[in-house]
Amino acid sequence: AEVHVLNWKGYGADEPWAIQAFEKATGNKVVNDFFNSEQEMLTKIRTNPGLYDVVMINAAFNNQAMAEKLIQPIDVSKLPNYADISKDKAGSPMLDHDGKVYGVPWVWGLTALAINEKSFDKPPTSIAEMWDPAHKGRVIIRDDAVEAVQFGAIATGQNINDIKDMDAVKTKLTSLMPQIKTFWSSENDWNQMVASNQIDIGTYWSGSADRAKTHFKLPVSLVIPKEGAVAWLDAFSIPAGSKNVEGAQAFINWMIDPKFYVEWVTKVGAPVSANTKAVEALPEDAFNRKVMGDPEVAKRIQFQAPITDAQREAYLALWQQLKVDVK
Amino acid sequence: MAVPGATASRSGQRSALPLLAPAYLWLTVAIFLPLSAMVFFSFMTDLPLSGKPWAFTLGNYAAFFSQSLYLTLLLASLRLGLEVTLWCIVIGYPAAYVLAKVLKGRSREAIFLLVILPFWSNGLVRIFSWAMVLREGGILDTALNAVLPFKINIDLMYSYPAVIIGLVHSYVPYMVLTCYLTLQAIDDSLIEAGRSLGASRLQVLKRVIIPLSLPGLVAGAALIFVPVVGSFMEPRILGGRTGTFYGTVIEDQFVAVFNWPLGAALSFILLAVVLVILAVASPVLRRAA
Amino acid sequence: MMTTRILEGLGRFYIGLLLAFLYLPIVIMALMSFNVSPFYQLPFEWTTEWYASLWHNDQLIAATWNSLEIAIVTTVICVVLGSAASLALYRYEFRGKKVLQALLFPPIAIPWLITGTAMLIFFFGVGIGRGLFAILLGHVALALPYVIVVVSARLQTFAPELEEAARSLGANQWQVTMRVTLPWIMPGVIAGGLFAFAVSFDQFVVSYFLATPGQTTLPVEIYAAIRKGFTPEINAVSTIIIVVSMALMLLTARFFKFGGEK
Amino acid sequence: MAGVQVANVSRSFGAHKALDDVSIDFADGGFYALLGPSGSGKTTLLRQIAGFDFPDSGRISIGGESVERVPVEKRRIGMVFQNYALFPNMSVADNVAFGLSVRGENKAVIATEVQRALDLVQLGKLGGRRPHQLSGGQRQRVALARAIVTKPRVLLLDEPLGALDKALRVDMQIELKRIQREIGITTIFVTHDQEEALTMSDRIGILRDGRLVQEGPPEEIYDRPKSEFAATFLGDANIFRGDATGNGIRLPDGTAIAAKVGDRLAGGAKASCAVRPERIRIATDAVVSDAADANMLKGKVSKRIFAGNNSTYFVERAGQTLKVIVQNTGADRLAEGQDVVLRWSPESTVLIAAG
Amino acid sequence: MAGVQVANVSRSFGAHKALDDVSIDFADGGFYALLGPSGSGKTTLLRQIAGFDFPDSGRISIGGESVERVPVEKRRIGMVFQNYALFPNMSVADNVAFGLSVRGENKAVIATEVQRALDLVQLGKLGGRRPHQLSGGQRQRVALARAIVTKPRVLLLDEPLGALDKALRVDMQIELKRIQREIGITTIFVTHDQEEALTMSDRIGILRDGRLVQEGPPEEIYDRPKSEFAATFLGDANIFRGDATGNGIRLPDGTAIAAKVGDRLAGGAKASCAVRPERIRIATDAVVSDAADANMLKGKVSKRIFAGNNSTYFVERAGQTLKVIVQNTGADRLAEGQDVVLRWSPESTVLIAAG
């Protein structure tokens, strides 16, 4: 049977070696489809009922998908590896509703800072580095309203899920705009900018930074600033109307398996697995184990909670205004 | 030359129908009906698709007027469209003229096709290549510094000029093509007649050739101006910080916040503005012809 | 006489400049397909590894073929339907003609993103669904207005008494069209066809919405690939396409006259 | 074959009446010349018959059958356009072959017919050229060959020989007449060459401002014009205006002019007499030669213009310039300023009611 | 103003020599007619003078100055194109105004000049029309008005009156001559109307296959053609071929024809005699009238063709058809089949060396 998987492109689930092994082991054939934004992902499930068997959903969106009845509860007893998932993640209220599991935590990561190693003798520790006039025109951030605003919240010492002082965020971000070279929207953008030595510092995803260093051998390293960072959790769900639930379960289980994870990290570079066993299978000094597993770090990071449409639109309005003002 | 409706008047609708029907049926099914659905959505508070309650509203259109942002961006986009169109005319028209009236023989056909060909490469790949050329330490920078005795820093990337360059590059073949089509049809004896009456080449160009090639010029200008006003890909990638335009905010509504009703309303406002501009321009242009 | 020669020389020079401008990114694209770094990094290091890996990238190759097929079919359909419609708009006077002409602009003016979403929803609603057929449906609709606009521009230069002459010689409407009108507007038809091909072949947005997994087109593949990390395989495949089409075009240029005749 | 009936046809362009209630019966197999000043509606009339344009009122029949609903291509006409309308994208031979080839004629037959038609218009060797590589006269001949090669039942010729030199024109005239007689094509021919109209046609129609002024066989129109306009438009005429007497008119200065041709008019009415310049004999006043010439006037030669086979003398008389044509037989010329006597017979004088 | 010198100009299109070593001196202020069969190179020659096209060899000067490097717009010419070349995008008035307006003339001046030019070509009321709304002759007149309104120093007219009826044509001829005389424009005029060429021009040049065949004042060319071609091309001629005698030729059947005009030829050489049809007197054989006519032949009338002011009799004689033109003075006609005697004087007979 076929398992239709909807995920970001190049995000583990489409690694040829993994798929090959999975297909060999379970007899299911994997068909990958990709999205470029969460909204698009939702649209795709909405307009293709019954097409997908597995969908990767950021935990912050799980609630919305469930409310729209786009996804179905998952029988976690069919997933042997589910037991190894760290309790704080497996029990997340973002994924479990009415005692039913709607999302299986897969990996988590950070939106933190990444630096061009060539531009720094010593890695910076503060988020304020981005505002340093020395980096004028050599800063890059993602073209994403929610992320930008939450980032501003961190820079102004606020809770990203409960921003009280929007004006402070706006002022902070306004003063950042002139520093910026351009906005990135894909890993490739970031990597190209570094490769051609056009930037010093910018926001980046932890998994991507890892990939840039490990896989592409670029002079990139991740910095988790002392003010904190935005964390996100990605989880797998099974869309309502899936025609191959069994295959979907097998696939999800495969994805949270330590064996796959270790291979993924070594060959490609990846975020941190939600499976504690998987993380433990990494070498002691692995970044995902040593830094990301550091309790000091854990204290500093803030997980993204779901946000309402109204908030999202307000963030977008703010973001667009900032971009227009800088023109 | 064109004698409008010389053979026409009599037959009208009935004769036109079989020729028009296939094209317009196709357009109806694949564009007009879907867009009508969008028009419908643009008057809703929310998409029915999303499973949330919805109601009719004019709010999406009101949003355009309540926030100065949209108007600012629309004007910026119109200016962008105008500038790109002008550059395309400035660059493309002479090339079309040379192709149509100066070059003769085989090389003409070959060059003509060569002009179109870049078009067949992927737009994104082309934009990335431009980044390579325009950035600091890129091809242009290196090449100029190799030639010039003094050191200059060329970093056009992520700026308004970069957007213009990228868009002009993408659209200039339209202008070359459409102008060529009408220029080539101008009888040489008209040019000769103009010069025998004492008009210099430039005057002949202005008074005879341009008016006669106007249909092509107008078609080309419309085919460039219209999509450029709504473009978002090139501005986003090449414009960097300054690359926010009307098209990009529409894109945001669709991609980032899933507010299709607002996105649709914004695009229909754009469409209306563009159509009004074309409608106002066409009689002016016709009079010039 | 002298000035004529000088002007001709200037003309050639100018065309050369234009071609240089047009081909600059293409050349870079081709060069980068031979560069080791996937991030357009210099210094240039020669490799053919991207061509080799392209060879094994079945998905990319399949997508390329899909794109080619769709573009060719789109071109043929657009040229036929578009030329017919242009002729009707040129020949006949009837009520509503202005409206029909104005209707050509929405497909061009509305950002493809919106059109694409609209198509997705509508096709989903009426049961056409997604897939290559839906993509074709969409591409033809997007390219048709271009063909009609271009062919109409050329038709405006046509002298109607030629049609009259042909009819006086006993040619019926079809023969008049095929043997007198069409040869005159041929440059426009060919140009329209080239546009249609370009619109379809480089069409990302609409294809993106309408493609089903496993059945994609080249631009969709490229866009998706860019999220992951751009590989110069894309440059490689683009280079191959350009080189092959250039060869084909220059070959055909030897056999056909694009200028029409005076 | 087929005659063409034009009945009460009118056609306006905006406020301008290009054709105004025109009725002509073009007899089957006849050769008909249409004459008229520039802009008088000749081309417009041909276009109505061909079916490119439609009358505002009136009807047109070909072969007895109304053609209102018959499209151009079914009317079986051949037409030479005033501006030729050659197909620019085809060679000369393909232009000529067009009519046969749309009919689905056999290739070999077409090739022979086309070559024959090209030979006929003396362009046998230029079949491979494109129209833009031809001279004006060559183009016109291609248009002619193209129109006749299909052997239409009605041939509409809009100044088909206007760009040809005299010798070629005569050759073409002979060929046209031959073809027209052989297959009995009804031919309607617009020309500005009067000699051509007079020598070739069975009948002539004269249009003026969209109206048919006079119609009839060439000699009748030439010898008995019904109006001053007809008299001066076809051929040349000296016009005298005065009051009708029983058998002619009396000029204001009292001179009587006798006329034996044309209208019979009651005495006293305003009337004109028309006399062809070649009918007047000119002599130095001393000589009296022929008593049969009842009309005589005195005058003074003001100018002589040489025109090949004849010369025209302009003679001043009572404020009027009279023209006299004299064949250049090699005899002595009259000098300018010489006093002369003009004589002509009443049989050469046409009486026309003033109108 | 300025004369035009064409010296040894040649121009080929591919293998075809459209102009072959042509030299003509168009005198300043002269009125020059170019004649020649269709395709003989007349338009090509005008285009060289105008500067649209360049000679392969030879040189052209205007006003004594070589114009090789002078672009068209600086040559100060006016041209009427064979196909008119009116600007389709401009009204009639704007077409005519074009030349003045590119010169930066004052608006009011332009308006007056344009109206005057349009009145002159009798189109005063049609200034607002577009060219495609005009009849053929009207278009031609617009082209003429457009060319003369700028008062050029050289006027190149390529069949400028070909689409006009006789009356209008005569009016235009008069106007053209008047303008040309008033401002002394050097005028070069292509026409197929022989009468027009003969009556209007100071000199005539005849082209054939790209070569200049003969050149001179009208009467000289008409009365003393230097070749059979010139004799038959301009006007009509009866040609007799035989062996030269001291004062004429002897036909193969032994008849002698006396000639007093043209070349002096040694006895025995092949030669021709040309006689204009209007110089021959035709009579029923009984009557003997004038002893001065040394040449006499007998024949039989085979046909008579009416051509308005004259008629042509075709007379068969020894396998040759001779033409005789008789003015239509109203006298009795000869019947077809009648035996006749033809007479003409040696002064009317041109001796031409066989070539």
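Annotations
Going by the order they are written in, the chains are A, B, C, D and E; count residues from 1 in each one.
Note that in this section contacts are C-beta pairs under 8 Å (C-beta built on N, C-alpha and C of every residue); 3 or more make two chains touch, one makes a residue touch a chain.
In UniProt terms, the chains line up like this: B, C = ABC transporter permease; D, E = Spermidine/putrescine import ATP-binding protein PotA.
Only a predicted model underlies this, so the values are computations on that prediction, with no experimental measurement involved.
When every chain is reduced to the mean of its CA atoms, the largest separation from chain E belongs to A.
Here the two chains linked by the largest count of contacting C-beta pairs are B-C.
Computed from the mean C-alpha positions, the centre of chain A lies at a distance of 38 Å from the centre of chain B. For the pair chain B and chain E, the distance between C-alpha centroids works out to 57 Å. Work out the mean CA point of chain A and of chain D, and you get 93 Å between them. Across the assembly, chain A contributes 36, 43, 47, 192, 196 as residues in contact with two or more other chains. Within chain E, residues 71, 83 each touch two or more of the remaining chains. Of all residues in chain B, those that touch two or more other chains are 1-3, 6-7, 49, 128, 131, 137, 187, 201, 254-255.
Residues 49-51, 67, 69, 72-73, 76, 128, 131, 135-138, 157-158, 236, 239-244, 249, 252-259 of chain B are the ones touching chain A in the complex.
Across the complex, chain C meets chain D through its residues 159, 161-162, 164-173, 175-176, 179-180, 183-184, 260-262.
Remark: chain B residues 1-3, 5-9, 11-13, 15-17, 19-20, 22-24, 26-27, 29-35, 37-38, 49, 91, 94-95, 97-100, 102-103, 106, 108-126, 128-133, 137, 139, 169, 172-174, 176-178, 180-182, 184-188, 201, 215-216, 218-220, 222-223, 226-227, 229-232, 247, 250-251, 254-255, 260, 263-264, 267-268, 270-271, 274-275, 278-279 touch chain C in the complex. Contacts from chain C toward chain B in the complex involve residues 7-8, 11-12, 14-15, 18-19, 21-26, 28-29, 32, 40, 42, 81-82, 84-85, 87-89, 91-95, 100, 102-103, 105-111, 113-115, 117-119, 121-123, 125, 137-138, 140-142, 144-146, 148-150, 152-154, 156-161, 163-164, 187-188, 191, 194-195, 197-198, 201-202, 204, 218-219, 222-223, 226, 230, 234-235, 238, 241-242, 245-246, 249-250, 252-254, 256-260, 262. Contact residues on chain C toward chain A in their complex (touch as defined above): 37-42, 117, 120-121, 124, 130, 212-214, 223-230.
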